[in-house]
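Below is the structure I would like to discuss, written out as structure tokens.
Going by the order they are written in, the chains are A, B, C and D; count residues from 1 in each one.
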């Protein structure tokens, strides 16, 4: 399981998004993309897994079932991400000092963040449809936790109650130990999943603009990084996926 | 200057968005909508000003010049709002307790927030174009400050460097004492305007999706409420708009 | 195991500190005071355990070995406590709203906090010496965690290097799974023990005033409440004390 | 007005507390120590003012009138300080990163902080009595603000109601524009003085240990640094001390 970004994109995307020519594209082809719930079978048969980025995980988990069911359209998807500061690593940086971040909300890499093509590819792998995604991440004054807010147009014919979309998420994840689909009017809470491998998802519809709003919350260090890596290892070795991942969230 | 929401919308919108029949629609017609920079002349001639909501202010300030110049299209605009907790008032609420909000980012009123029609109306008043807006607000762990992230499609023909959009904002606000247009790669910072009547704006373009991302930051208690009310009073009485508003931001 | 305060003090102290006559003093006599590391044997033989208050736990753990060894004197001990807000319970209160507590440090119950006699009694039970304690708690802008700073005079003859005091703490807790004694120059960190039953202790000496400064950190919801209750249950039933308490800290 | 520490101590204290031999002790003798309310006359006649450290300011303001009136004794004074992170300057440091400080309370320089002799000297200059101070500072998760909690023994004969102590503070500061003495049961709040040159003081008595607890709150960047420097400049030049200091606190 590679927890870096070396096997997450197609080889031809590396120059544009990471600034280098990929030196071993053959290994990209062998790697399974590791959102366990979506690509479990491929992961089980792989000897190399590309552990996903933090933002793509809740976005793909929330959007893939809706796209696959034809409830939303793949064009012009907007992803607005909010992340706690631990996603930025431990390097010293003026922007991550307490005095800078406390009381602040800061958009970054607005015109091009490298998780954009990863989100598109993850969704394409999961659904066969190639979406167009605009993604803007924001740093918020929290240590752990990511919340993603996804805006996608309802497909023609999808009713605006939100019920079919919630139903699609429920069916996709009803047997999943780490994914919890919330009811109408509930919003995912990163504190519920802090320190755990959990993911909370919710979907609402804005009827007047026929827009689905898909919300997701994870701990960026759990389901967004190390937790999902362990889950993938379990899947690769045929162990129960919950092995080593029994921790429930610690409301911080 | 009315600092509530009683004169912000058209009379016919009150039942849907505020749950009551407006009792005095004639006063709505007399009221000027109070984003001072956009509606200064109308405000100066009015005896009643509807002070705007906190979210609509940076959204309209950032988007109106781009719409008016035909650089972006009014269809399918997405507004993702992030607000500090003082916007929620001082009523005791489990969601605004420190233990609930610290480390949290919480979407609320996802399917219908009453600032949605206000944003649309403000933009229509300013540009003559009626946009369709999807607006989702989020509560973030901060006391003061609002950051708005607006996603709008570039109009056909608009080049993707971002330069024409920044230029349009610069021209609109070059003589304004309270609005600061940032350069490429800079993101508005609510700490820069805390305790003041200031507003920071920036715009970037995501070239691959031909999307303009318009960012705004204000102090929701300053330019988003009391500060703008004072600015409007100054405009109504022919005083310098900066009167009583000399405070610069206190980096909190 | 009673997790309230009903059996923590002597019966005659309840009118002064809790405002009521204790209705069942016979049960107080039967109850063991439940700081497990200090009163393990008595707890194992009891059918009722008074689970300690959050502040007394790190104070007594840090001070008892020093008092018992005669390294510090029991007179005029000052305890300055800092607590996260979860110690205040979940009742709605203006002081625990995010907008009130963020950026704040607030002393409370300055002249008389009910943990004062509990600290004195715990130290007396552990050492046979009756100390005089002045205790002032403060609310800090954090959810979990308590840090206590204890000031005690060195006994005549105690050298001022700090080494004998650190040694006394190390010997007292070298076999304890939940107590970690830090080295010179290190300060206990409540983030290290968040979500766990751990306790970090350190001691330094201010030579010029011949004062020992004993620092402690716990999670007030862990070792300061539910964690210690489970540890006490384990001790009562002869189970390994770590049973059910395997969680390590989640750096929040 | 020197805002560093170069003229705050006696020349002979520099080797021990700052690690260097003072190169110009003659200037120390010429410098006035700049807590304006306590040393106003000396400041007015000086051409060099040593602007005080942040911690000594609220400690000396709160304690000097009580010592001078003989209400508390100068022996064994304990000062427990809590400071927001801006007091640490803007240098990048792992301890001041958001992920380190959020949710944390961290004692530092426990055995010897250089503000200890400054507090003692300030009190001696103000009262003629030389106190012995034990001072431990703590970093708390806030940007601005200092709260100091001072523990001093009541002098023999001082009654324990707290009234004479509050009265002494009230008399000392009744005409001061920047110092506010709070009533019984009220605790100084750093949010009330954020962004301003204000100082809040309160005193309570713990009767059973005959200890006065003197609480102070300032903005470490205001009354604790730049604000007091401006106030001192005003005093030096015979201007109204409030000149340039009209800002009231911004509740952050």
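Here is the rule we use: contacts are C-beta pairs under 8 Å (C-beta built on N, C-alpha and C of every residue); 3 or more make two chains touch, one makes a residue touch a chain.
This structure is a prediction, so every number in the text was calculated from the model and none was measured.
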Most widely separated chain from subunit A, with each centre as the mean of CA atoms: D
Selected pair, greater C-beta contact count between B-D and A-B: A-B
Subunit A-subunit B separation of Cα centroids, rounded to whole Å: 30
Subunit B and subunit D, separation of their C-alpha mean positions in angstrom: 42
Subunit B residues counted as touching two or more neighbouring chains: 99-100, 102-103, 141-144, 194, 251-252
Subunit C - residues contacting subunit A, complex: 102-103, 143-144, 194-195, 247, 250-252
Contacting residues of subunit A [partner subunit D, same complex]: 85-86, 90, 92-94, 96-103, 141-143, 252
Subunit D residues within the subunit C interface of the complex: 76, 78, 80, 82, 84, 99-100, 102-108, 110-112, 116, 132-134, 136, 138, 140-145, 147, 149, 151, 153, 162, 187-191, 194, 204-209, 211, 213, 215, 217, 251-252
